[in-house]
Each structure stands twice: as C-alpha cells, then as structure tokens.
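Shared between the two complexes below is chain A, which pairs with chain B and chain C, respectively.
Up next is the complex of A and B:
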C-alpha cells in the first residue's frame, strides 16, 4: 500500500514538471520536449516492450504532421480535431506497413520499417501539390474555437492534455494484460506462441498503437511550429527518436522523456553556442551514455536505487522505484534476439 | 484513498496557478527604440552544407555593417547601442522556427537576416508576420517568399530561382546556346528551376531538346551524360540544376566524359564561389552561371572584400555581401524613421532606391518586398587565368535590375498583394 502511494507521488511529480516546464525552459522548446518525448515513448513501446526496433517512425510522425496540417488548413477544424485526424491517419498507414513488417524480427524488421519510411519520404517529396515539397506545408493554423493561442506559452497548455493522453495510453498499454503478453513475446516469442498467443497479431496491434501515438506527437509538432516539412518524414527523425530512447533507457517509458528533454535541450543550446560541431557533441554524448550507462540514464538510475537501500530516505523509493517495470532489456539482448 | 486522489489533482493545479500569477507572456516596451537598442540577429546554418556559403562569415559581415553605420553617422546615429546576435538553425525548419521566436521575443531582435533552406526561410517568414518584426531573407531561393508566403515584414534579398533561371537561361540562349539539355534533381527546387529555365530559354528563341530528372541525392550521372551527345538535335548547352555535393559529382563526370570537347557547354543553375573554391577552377572552367555579386567585379566591391578578407581570411560570397547590404539598409531605414518600430521602418524601406557595395541600381519593391538589383552572368576562369586566390570569375554580362527579377505582376499572380 505504501509502495502504491510512492508511485502516485512519482506520477504527481511528473505532472508538476510537465505543468511547470514552460516556466523552466523557453515555451516552444517545452512543447518540443513534450512531443518528442511522446514520439520516443511510442518507439519504446515497440523497442523496449515488444523487442522490435522500428527505424521508420518518421513515416507516422510525418504523415500525421501533413495530415494534421491539411485538415487544419482546408477545413479550419480546431487543432485537437486536426491532430486526432492526423493520429488516425498514421494509425491507418501503420496497418499495412505493420502487417508486412512484423513478419520479420531484429535487424530485418528495422530495415523493412526504414524502407517503408523512405517510400513515404519520396511520396511526400513528389506529391508537391499536397505537401509543398521541400518548401513544406506552411502556415498551419492553431485554432481552438476562437481562443488566441499564438503565444507558444498558452499553446503548450492547450496541447499538454493531448500529450498526457498519449503518455497515459502508453502507460496503460504496458501495464495491461496485453502489455504483459508483449513482454512475453519480447523475451521468448516461441514460448508465447506455444502458450497459444497469436504473436504476429499482438505485434501488429502494438505497432498500430505505437504509430498512432507517434502520429499524435507529429500532429502536435506540426501545429506547434505552424508547418510540416520534409524533415518530418526524413529518416533522421526516426533515428533521433531511437537515440532518445537509448539515451533515456530502453523499456522504461519515463526514460524516453529524459532522453527527449536531453536531446532537444542540447540541440537548442548548441544552436546559439557558436560552436561548429553540433553533430559531434550529440554524438559524443550518445557514445558516453552507451559506454557508461548501458541501460540509459533512467534505466541506470533505477538499477542503482535498490543498491542504496541502506540509506533510509531512499529505501522506500527503491522498493517500488519509478522505473519498476520488470527487467528492462539491455540493448545487446535485443540484437541477439534479432539474429 | 480518495484523499490521495484529490491531493494528486490539487497540487499541480495550485502550482500552475501560483506560477500563472507570477506573470508571463509577451511584454512590450515604449520609447523610440525597443529595449533602447537595436538588435540584429543572423539566423543561418553554421555547421552544415551552407556554413561555407554564408554561416559565421555573414555574422561578421553584419558586424561590419554596424561598424560602418556608426562610423558614417557618428554622434548623429539614432543609437550607439547596436548589438549583433546569431543562431545556428542546423538547416532544420523547426529549430529555425523556435529560434526565430526566441530571437524576437527573448533577445529583443528587431530584424532577422539570412536563413538558408527554403522550408526554414518560409517558417521564419510566418514568425515575422506573427510578431510584426522585420525579416530579410538572403539565402532562401524560393519565390514563395515574394509569392504566396509574402508579408508586410518580410523582404527577399540577393537571389531566387526566377533570377537564376532567367539570368542564365535567357543570356546564354541569346549568346548562341540555342539547344538545351536540362538535368535537374527531382525535388521542388529542381523542378521549379527546370520549368523556369524552360520558359526563359523558349522566350529567348531557344529550345529544350530534352529534360531529365535525376535522383536526389545522386553520385552517378553517367546515364544522362552519355545520352547528351546523341540527342537529336544535339544540345549546345547542358543545363545542370543540381547543387552542393550533387553538382560537384556531376561536374567531375562532365569533365571525365569530355563533353566540352564534344561541343556541349555547361551552364549551372545555382553555384556559389565556395563551390568553385572547393573543387578548383579547372573543374568548372568555362561554366556559365548567374551570380548576384562577385567580390572582384569592380574597385568598390574589391575594397570591401579586402576589409572582409582581413577579418575572415576568405573572400566574401555574394551571401556575405548581401547580408552586409541588408543590415546596412535596415539601419539606414531606422535612421530615417528615427525609431525601430517595424511599421515606421517598412514605410522607409518600401519603394526606396539605393546603390551600395552589393546592390547596384537597387530598389526595394513595395509591391512584393523583392529587393531588385543588377545581377551578373559569370563564367569560371581556367586556372591559367587565375591571378590570385579566389579569382575565379569573369563577368560576361550585367543583367539590369528590372530584367533580372520576377515582374511585380507575376508576384501578384502568385498570391502576393502588399499594395
């Protein structure tokens, strides 16, 4: 019971941080952190809980960005409607892609998803009348029944419920019986199949759910910035999401949030730092984290907490720590399984 | 149990209320100058593909403009407090968009300069319109900035795809390159350029024998280059719309296939002096292209380029010079207006004619905010004619300002109505 209370306070702390974020960092950056965190969580749903490394989430993020933009531009719908339309579009796109991809595992799955994402990229590039090519789809309105949301500070609070909805959905998924089956599939697909679970159907369902969450994030990103561009469907977006998950900690959900906050902040700080090698710094941080914190930042923290049990203040937290999701797999375990 | 639920809700709500009470949101300052100073912001690519063309050297150029402005007006200057800030948008439109907001809101920027990459350029135009702050785009090539995305606070300097296509297409055709074979990268800029070149060539009495899209990015152009001499009619000119790394690959292969010896000249849609510098003049020798400005084109340009060289140890690209000119024209307009209030400054800018080290016979068009000026058809010299470092170009022809850029009527047809 006491452990349950701790968890509740943990979530509470997360909510306070989420609400206070635009006070701590520049509001547009706060929104970026929130939506990238949701994208990273959607990737973690597959990577950490199902053992599938998707390298094509840019397809869903970007498709939703364009769909959201087009709905908002052409129908004048309030932005949450447009964003949800975008998320649904991403989910619909994920059904055929997922159907074909989940038949493979490991590196093959990653390559197939990347290939589909590149197809989406080239379609977006060619379909200029719809997407605006590399000029992008500009001037996406952020209408909410006439409320003025042009200030990014207020828009953050308008968008936050949708982000939290997405995070909550992911959290419910991994804690449901469905989520338990996913972990079973991750750890031993043959055994899960032997127990009578339709492994591929489970994978397909979580793939579609994950893509929908990625779409939700992508749509909000497009509305937040007022445009959708080729960058949204570029493979670097998929790579960035995977990077965030690995930095934060695979299979921890909350780790993705930390990873997103770190990468977005880093990108923002480096933009005005007057330093030439933005990529070098991000790369060095990645290498350091992978070498020193194998389980990512959150994963390592969660692992170290039980060892600090002798400290009375931490012992309660440790018993039911925030990263208490059973056994976050180390990256190498995933690769091995893919073979 | 229920108590915890209520507490769970109450705490964040209280916190957010307490925080809201502290204030927040945009604030405005009165007075002649916002924040009692002028802040010029350069937002461009300082670490990626455009870093050499513009990048940090353009920040330096804007600083030079500030110094020259202070020297010119001395005690009569509207203020002595002029600050230059910069940010690296890494060619990402979302970073450009957030940084532009931050520059206007937090750093008190009165005007933003440069912004390469068309999606980023257009994203910043939206921010400028929203914040009612000035924005001078220099390195964005899209004509949408003076078309459907034009707005009262956005000005477009130096070049665009229309100017490149009509400069090179028209002039080369008039000089005898009647039959063209156009290869273009298959994305919006390339397709745009191909169309505009086609129009310009036909209008000048030439014809396009064939046009082929090439994949992007691409490192093997041999299929297209082998096809060129066997086309009927045989083309006089190969028009390449590629840029950056693709252009370098194409030019190398053009030389390997010895197409010049087979009577096919090379005309390039978009080329910067930094491209010539990186590959050496011999690789490009004899290539025609349109340049907005060349550092060694006359004494006046050269004098400025010398000052620039002392600070940066390179010769300026047209983007560097255009940043200087835009910053200077902005400061002059603030001086005339006596304030940095955006609306008063745009009144001074619109319709203003001037002539400076970069822009000759220049005019800031009030109708679409296109800044028009003379541009130049240039040819790359072979290394035997190169007398010093960066001495790569021979100006073949000056294209007068009113012919170089898209006519106002076309901008209006594209959706720009500023009055």
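Up next is the complex of A and C:
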C-alpha cells in the first residue's frame, strides 16, 4: 500500500503546483503553461502510448480555437460551453483525418497528419467570412454567468478545472484496459492483430480522443487570449507540442507538463528580455536535452532518482515510455519503424 | 491430398497461391487438417513455409485459392477476424509486448477473447477473469514466477515460453507455430516440446528440429519451391525419395 500512498502524494503535489502557479509566474503565462501542457499530453497519448507521431495537432488545437471563438461570439454561451463545443468540433474533425491516417505508421503517419493540418491551415486562411483570415477572431468573450473574469489571475482558476479534467482523462485512458492495448499495439502491432485486436480501430479511437483533448486546450487558449488566429493552425504549433513532449520525456504524461512549462517560461523570459531569436534558444535547449537526456527530463529523472526505482508509480512510468526504457524504441527508432 | 471437407476437418487449404512480382512464392497448395491433428511443415529455406502461415493467418492476402476454418471461407478476412474465429499463431522471431509485464502480455491475450478491452474508464488490472486465465496459462508453460517481470527482459527461451502462454490464453481452435524452437539452446528444447505436446489442439508447426517434429507430428508436410511435395505419416515421409531429393540428397 506504500506505492498507493506515494502515488497519492505525487498527485497532491501536482495539484498544489497547479493551484499555486499564478502566484509563482505571471498569470497569463500560468494559463499558457496549463493549456500547452494539455496539448503536449494529447500528443504524448499518441506518441508515447500508441507509437504514433502526430505532426498535425495544430489542426485540432486551431479548429477548436476558432469553433470556441465562434460559439462564444455568436451565442454568448458561458466559456466552458464554448470550449467544450470547440473540443467536440476538433474530435469530429479528427474522425475522418484519423481514419485516413492510422493506416500509416512511423514517418508516413507524421507526414499525412502534417498534410491534413496544412489543408486545415489553407482553409482557415481562405474562409475569411468565418475565420477572419489574417485578422483572426478578435474579442472572444470569457463569460461565466456574469462573473468578472477579465483578470487573467481569476480566469486561470476558472479554466483550471477543464484542464485538469483533460489531464485526468488522459491519465485514466493510459491506465485502462484500452490503454494497455495501445501500448501493446505500439510494441508489436502484428502480434496485437494476431490476438484479434482491430489495431486500426484502436488507433482511430485514441486519435479522436487525443484530438478532443488538444481541442480542449486550444479552445481554452483562445478564450484566455481573447482571440483565435492563423498561428493556432500553423504547423509550428504542432512542432512546439512535439518538442515539449520530447523535452519532458515521451510516454510519461508528466514529462509533457514539464516540457510545456519549460518552453513557455523560456519563451516568455526571452521575449521580456527583448530577445528576437527565441527559436534559436529553444532549439538549442532541445538539441542539448535530446543529446544529454535521451529519455527527456522526466524520463531521466525517474531513472536517476535511486528512490524512484522503488516507487511503483514512477518506475512503471519510466519503464512504460518508449523514451524511458531500453527495450522500447528511442524517438529516432519510431521514425525508422515506418521505413 | 485434396481440400475436400472430410468429417472432422478443421482447417482446409485449397489451391492456395501467392505471387509476388511474377514469382510464385506459394503455388496451388492443398491439404486439410483434422480436429486435434498435429501437422509438421518442413522444407528448405525459402520453400514458402512462413508465407503459407501468413496466408492462413491473414497477414498476407492469397492471390488464389481458399482457406476454410470450420467450413467457413476466411480467405478474404483480416488477421484479427481470423484470430477471433479461433486461429492463433506465433511468429518466427520472438514476438511479445516488450515493455509490458509478462502477466500483462498474457492478460491482453485473454482479454482479446473476452472483448473487455474497449473500457476506457477502468483500471487495467481489474479484469479478474482475464487475469485468472493469464495466470493459468503462465502456470502451464512454467513462467508463473516471472509474471511481474518486464517481458523485454526475459531470456530468449522464456520469451518462447511466453509466446505459448499468450497463445494458450486466447484459447485457439487451430494453432500455427512458426519455428517455436528457433534460437533455443539444446537444453531448452525438451521442456518446450513438452509444453507443445500438452497443447492438445489442432496444430500446424514449422520446425527444423527433426527429432522434435518426428516425436510430435501425426503427419509431415514437405514444401519445396512453394509447392506441397508430400504430406504423410512421418515414417513414410522419411522414406520418400522425392522428399530426399528436395533436400539435395541430405538424409533426413
């Protein structure tokens, strides 16, 4: 029962940090960390637990941002309703995209998802009457039954339950029988098929779930900033999310949160310092982490902490992730697998 | 040697062929396997044994001919459908879920049959029925004490045993074993032979250890250049001159 106790402490610590975040960092940055963490977790659900590298999650984040904005602007619905409408829209969009993508693996899957995301970008750019084109959607309201949420500090706490709901969903999915089948598919798809598992159907379902979580994050981001723009559907958003997952540690969920916190903080510090080339710095950090800690920050920490080995929760996480175990593929092997 | 459905026929293969780029890898293979019969498949490298298994299990789609399981035509069915009909197989190279525990590997196999895997909101270790099946299968192959270990860390011989446990947990009607002894040390062969003997199912097995298959097989099928050369009782196969020629005069 010791393991259960430690697990509970870990979750409690995570909650405390989540609640204290707007005191620790500038509140808008706290919200950015939370929503980017959720996006990174949605990517990790595919990359770490199913072995699918999606390079097109901007499509779901961005589509949800627009859908949330449109619902909030035109119906005046409370912001959680608008955000959930956005997440559902992202999930619906993911069904056909996923159906056409999950038959591919490795680098081909990454390329197909990127191609679909570029199509979404193109449509968002052309369909000005709906998306506002280059101007985007401005002035998205953040109404919640008349409560004044204009202060980012308070909005963070209004948005946090939705983020935590998304994180909790991902955590439950990973530990469910369904989640174990996903890991089995990642490890050995032919074997899973020979056992009778309809591999493509499982992949499609997790793809839709992942896109819905990405949409939840994208919708909250749009409401938090008050606008949805072409940046939200741009491929760099997809790349950023993948970068966060790899930085933090593939297949660990927690790693995605750490990766998101690091990248968002770093970009904020550099931007405030008036430094233009943020990409150079985040890129350099990325290269360093990949070279020095191939399992990502969390994956490496979980391996090094001598005590972590004895904690079932941590060591199981460390073992399960592809970046966190010798028997599972490193990131570059995931790409090779498709060849 | 025809694939006519005889009483008690479980698996029937009729004129089964597979072509790749003009080459006939498997050509017009016909045979049938009776309930609880043990058929060994032999032949030189490249004879088409694994391709035949891939055609029967659905990894490859046949270019011609048919495969029937319990009278139902499964020639066009996807591998997972065939598996759910009770067709189980192992692979030539060790094929386990490396990052899951030994017990999880077998539990997943048991759960596949029980259809309890689309549950998203439960804990994976809450399916008591599947776990019981898994533990029983591990017991049978002698891996019960390795259950909590990560499958990727097992020795080669234990991985082979784990594959058999996975197979047992799916409770298949027909079992295809593709070189289950490949890469095993001589010391491990007798134990695994006993596990395979205890399967007590309809089995089709590719194997190079002659003494193993002569010991286990009711009939031996010989493949050469993609064709079925002969299928008969082991002692008659041993005496067959065409079979000997296929092995370039090597005594079997």
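Please note the rule applied: the second predicted complex is superposed on the first by the 311 of 339 C-alpha atoms of A that agree within 3 Å, B and C clash if a C-alpha of one lies under 4 Å from a C-alpha of the other, contacts with A are read in each partner's own complex, and residues count from 1 in each chain.
One rule holds for everything that comes next: a contact is a pair of C-beta atoms (placed from the backbone, for glycine too) under 8 Å apart; a residue touches a chain by one contact, two chains touch by 3 or more.
Computed from a predicted model, the values in this text were never measured in an experiment.
> With both complexes superposed on chain A, which partner does A:107 reach: first (chain B), second (chain C), both or neither?
In the superposition, A:107 contacts neither chain B nor chain C.
> State whether A:195 touches chain B only (first), chain C only (second), both chains, or neither.
Once the two structures are laid over each other on A, A:195 reaches chain C alone.
> Looking at A:269, would you say it contacts chain B, chain C, both, or neither? Reply first, second, both or neither.
neither
> Which holds for A:130: it touches chain B only (first), chain C only (second), both, or neither?
neither
> Figure out whether A:178 sits in contact with chain B (first) or chain C (second), or with both, or with neither.
second
> Just which bits of chain A does chain B share with chain C as contact spots?
The overlap between the chain B and chain C interfaces on chain A is empty, containing no residue.
> Of all residues in chain B, which touch chain A in the complex?
Chain B reaches chain A through residues 4, 7-8, 11-12, 15-16, 19, 22, 24-26, 46-47, 51, 85-90, 92-95, 97-99, 101-102, 106, 118-119, 122-123, 125-126, 130, 142, 144, 149, 186-189, 191.
> Which residues, counting only chain A, touch chain B once they are in their complex?
5, 8, 11-12, 15-16, 19-20, 23, 26, 28-29, 32, 125-126, 128, 132-136, 138-139, 150-154, 221, 225-227, 229-231, 267-268, 270-272, 274, 276-279
> Touching residues of chain C toward chain A in the complex: what are they?
57, 59, 78-81, 83-84, 88-89, 91, 95-100, 104-105, 107-109, 111-113, 116-124, 126-127, 150, 152-153, 166, 170
> Which of the residues in chain A end up touching chain C in this complex?
172-173, 175-181, 183-184, 186-188, 190-199, 205, 209, 319-320, 322, 325-328
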